[in-house]
Amino acid sequence: MEPEQPSPDTEHESLPEETHLPSPTLYPIGFAIGIVVLLVGLIINPLLISSIGAAIAIVFAILWAREATAELRGEPVVVEPERRESRATAADPHGVTLEEVPDNAVTRSVFLEGATLGLGAAIGGLITLPVAGFAVLPGFLGQTQHKVDLGPIEKFPLGKWFISTFIVDPAEGEVSRRTVFLRNNGNVADPETKQQVPSFTIISNRCVHLGCPVQANGPIGQKYTGTASFKEHTLNGPVEFQSVIPAGYGCPCHGGQYDPEGNRIAGPPVRALDRYDFEINHGRLVLLSTYSVSKVVGTGGQAQIYKYKDVGPGEHVDGPEQFFYPINPPHH
Amino acid sequence: MAAIPKEKPSRIDQARAEFARYKADVKARGKPFYPYAMWHDTVMSFVVVCTIIGLAVIWKWSAWGPDHDPTHKGLLGPEVDPPADPGTTSFVPRPDWYFYFLFYLLRIFKWPESVFLGTVGVPTIALILLIGLPFLDRRLVRRPSARPVAMVAAVLTIVSMGVLTWKGATAKEALASEVKQSIPKWKADEHLPPAAFPGVELFASAGCTACHTYDGAGGSQLGAPDLTAIGSRNLGLQFQINHLKCPSCVNPGSPMPPFASLGDDRLKQLAIFLEASKGTH
Amino acid sequence: MATTYRRKPTKAEIRRQKMEELVMFPIDWLEERSGLIGGLKYFLFRNVPSDINWMQTLGSAALTAFLVQAITGVILAMYYVPSADINPRTGKPIAWESIVNITDHLTLGWLVRGMHRWGASVFIILMFLHMGRVFLFGAYKYPRELNWIIGVLILVNGMMEGFTGYLLPWDQTAYWATVVGINLNGTAPFLGPWLAQFLRGGQEISGETLTRFYSLHMLLIPGLIIGLITLHLYLVVRLGVTSPPWSKEAAGGEPEEEDGARLRPGLTRPVPRPSGASAMQAEPGGQE
């Protein structure tokens, strides 16, 4: 590219170069604010706010124009003179040596390093902590207990097993569908009150090895068992009851086998099948939360259930390996 | 010239020297990556893409059964499975095939005390060994014939992972939902009379095959004997019924659970079936 | 250059030269402002040992499989809906229905979905084969130890990608394989139950688990894999690929044996003297 030839205009220096630049000033900002207030006022309240905006704009416009034309009108521009303090001393008459700074002094660079890292750490913390909390905490907090209404207890023939599937939380829908093996044990004497109370055996079908769906080993359906299967419409929606005669339960994943009370007979399951707590509410069977069981001695209403807090599959509740899981996440 | 024995350099220095020689060799005698090596890579990538597309096409065209039913189980499995049912009692869970070796490991560690070894213990140790391989094997030599330990370990690893994967693929549980499919074969093999038909259905669904094998189906647990030819021992209907009602009364020490809850009618049907099972010849 | 006598360039040659300048202009523009063209040229025209064989294509084949997964995955994500809620009109989960929609109704949807599903298996097989090849060649030794570690991490991430992706169709196989997989983590001592609950997003598998796995499958793990692959490729280019160790012309020749016995020299190393002398005496002068 060829260098620019000087044009005729720039050859004459009419005014010094510096005065072609406007002096730095804040008045344009005030003018802009005034215009904005005027426009906003047209929407909100034309009479009052626009007038205020117009007044602000006019005032700042006048100030701005006055400053911009100051040189033309001949007013002097006030500038502070440059000063330097003399650092001349007796030892150093020209003031040229630098001051000695001890090594461990908090110089500006040292301070800036620390402040940068500290502020960076603070930013990192501000971003990651809420995000991590959001990622982690919702899975642990707010776990609620759900009650499952299974219908009037008269519907359950005495001593007969049923495979029952139901929806635990209708709001969550199909994803909360669960299955239990259920038997009405009749009335037994409550150990404390000595009253006759209904007894049910309600066993969860989730294997306690790794959570696979356990199957009943036995004939299923009225054709083979002689007991009618039925459906009940409850507060939790429709609940199915299939009659079954289980000689035990087996898991299709890794070969776990259980007896009809849920005790482990063979395979890798680490304890007995989990059971559901229940209550009788207005004559209806209502399931509460699950709990874990190490073993069951005896059968039916006379069974002694060794009960533990609900833990996940694969966790031992007794024996030396129970100490592998000292702290469990909060369960309902 | 008199030989002046020098100090043998350290292993890392030898390695560095070899790498320096490698770089010089490549610079002097190497070929440019493009087009020589890149040609090989391109051919292989083409094969890979064709394989993937081929598998997708085979999956599609073999999965369509009658009436364009996508749940028809074709050569590579069905295209569509039934939607998730958290309350099922008839599904057999399996992971994707490349996890079969881990899956089978869990079936090997059958003792409840050893469960955590199969789930996290062995895989974690294997992963640590794999990551730490460059620090375990610091010998400089790379020729396979000069690395016997490495080659033997590699062969053992490949063979064991292959066997575990294959056994995971063929693992079956003898549960009612799987065993019932064998009933027609049993009827044919054993020439069962119609009187035994109710019993064979009960046998398949009552969980007997969880511990007993029968005509090639079922599992072998707790020392339970094969029942394919149990009828040829002519133990008699009453013996069978008594045994089913209370196995440990008839056979002291037997771990078989009692089946009295099935009721007399069904026990008789089972007994008829067992006595009719004279073997598959 | 030697002195050559050239006639004046013909019109055709001038035209050709102008065309070349036009074509090279954007490339030169890019190179001056970024250096990327130089980097690409270095990558393409760098030397590799002259005796590399077909086994050494497995790594780039695995990369191709990963690219197929990435591209098909992006397209599938345009139609897949990660919701475990039930569609009130059909009674089926929405995620499952979106997969059926892709497979049965959308044009070539069956092909893209099939490529993604089988591409996953091919990707994992190729990674294992590549790992086996690297092990066979001893290419995890100095200076490539870091590259081996990065490769193992890519393998683990690849398998985790398969695990998280397996849940997305929300069918029976998906649901139960994930139940078991998460509970597997839960059996780890001390932290296991917490890890399992974090993965599940609650005490039980639910819609939260599906969206969580979707986020991992689409964003976190692919990001990790892409980052690790980039590092892996950078190290491959920087450190070079090895010759097959049994090759007679192996670049770099043989390292010292423990007893200084048999050696198979590369062409730049002189043959060592027979026994009695330390093989290191043959060293000098052969290099530069």
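Side notes on the structure shown:
First chain written, first letter: the chains are A, B and C, and each begins at residue 1.
Convention: a residue touches a chain if its C-beta (ideal position, glycine included) is under 8 Å from a C-beta of that chain, and two chains touch if they have at least 3 such contacts.
Predicted model only: the values in this text are computed from it and were never measured.
The most central chain, judged by C-alpha centres against the centre of all protein C-alpha atoms, is C. Looking at which of B-C and A-B shares more C-beta pairs in contact, the answer is the pair B-C.
Distance from the centre of chain C peaks at A, each centre being the average of the chain's Cα atoms. Inter-chain spacing, taken between the CA centroids of chain A and chain C, is 33 Å. Separating the CA-averaged centres of chain B and chain C is a span of 29 Å. Each chain gets a centre from the mean of its Cα atoms; for chain A and chain B, those two points are 38 Å apart.
Counting partners per residue, chain C has 84, 93, 176, 179-180, 184, 187, 189, 192, 205 as the residues that reach two or more other chains. Multi-chain contact residues of chain B, defined as those touching 2 or more other chains: 84-86, 88, 91, 93, 106, 115-116, 119.
In chain A, the residues touching two or more other chains are 174-176, 210, 212-213, 253, 314, 324. Those residues of chain A that touch chain B in the complex are listed here as 163, 165-166, 174-179, 205, 209-210, 212-220, 224, 226, 245-248, 250-255, 257, 259-260, 264-271, 314, 316, 319, 321, 324. Residue ranges of chain C in contact with chain A, taken from their complex: 84-86, 93, 176, 179-180, 182-184, 186-187, 189-190, 192-194, 196-198, 200-208. By the touch criterion stated above, chain A contacts chain C in their complex at residues 135-136, 138-140, 143, 172-176, 210-213, 253, 311-315, 324-329, 331-332. On the chain B side of its complex with chain A, the touching residues are 84-93, 106-107, 109-116, 118-119, 173, 175-178, 201-202, 205-208, 210-211, 219, 221-222, 255, 257, 259, 261-263, 266. Residues 3-6, 8-9, 12, 14-16, 18-34, 36-38, 40-41, 43-45, 47-49, 51-53, 55-57, 59-60, 70, 76, 79-86, 88, 91, 93-99, 106, 115-116, 119-120, 127, 130-131, 133-135, 137-147, 150, 154, 158 of chain B are the ones that touch chain C when the two sit in their complex.
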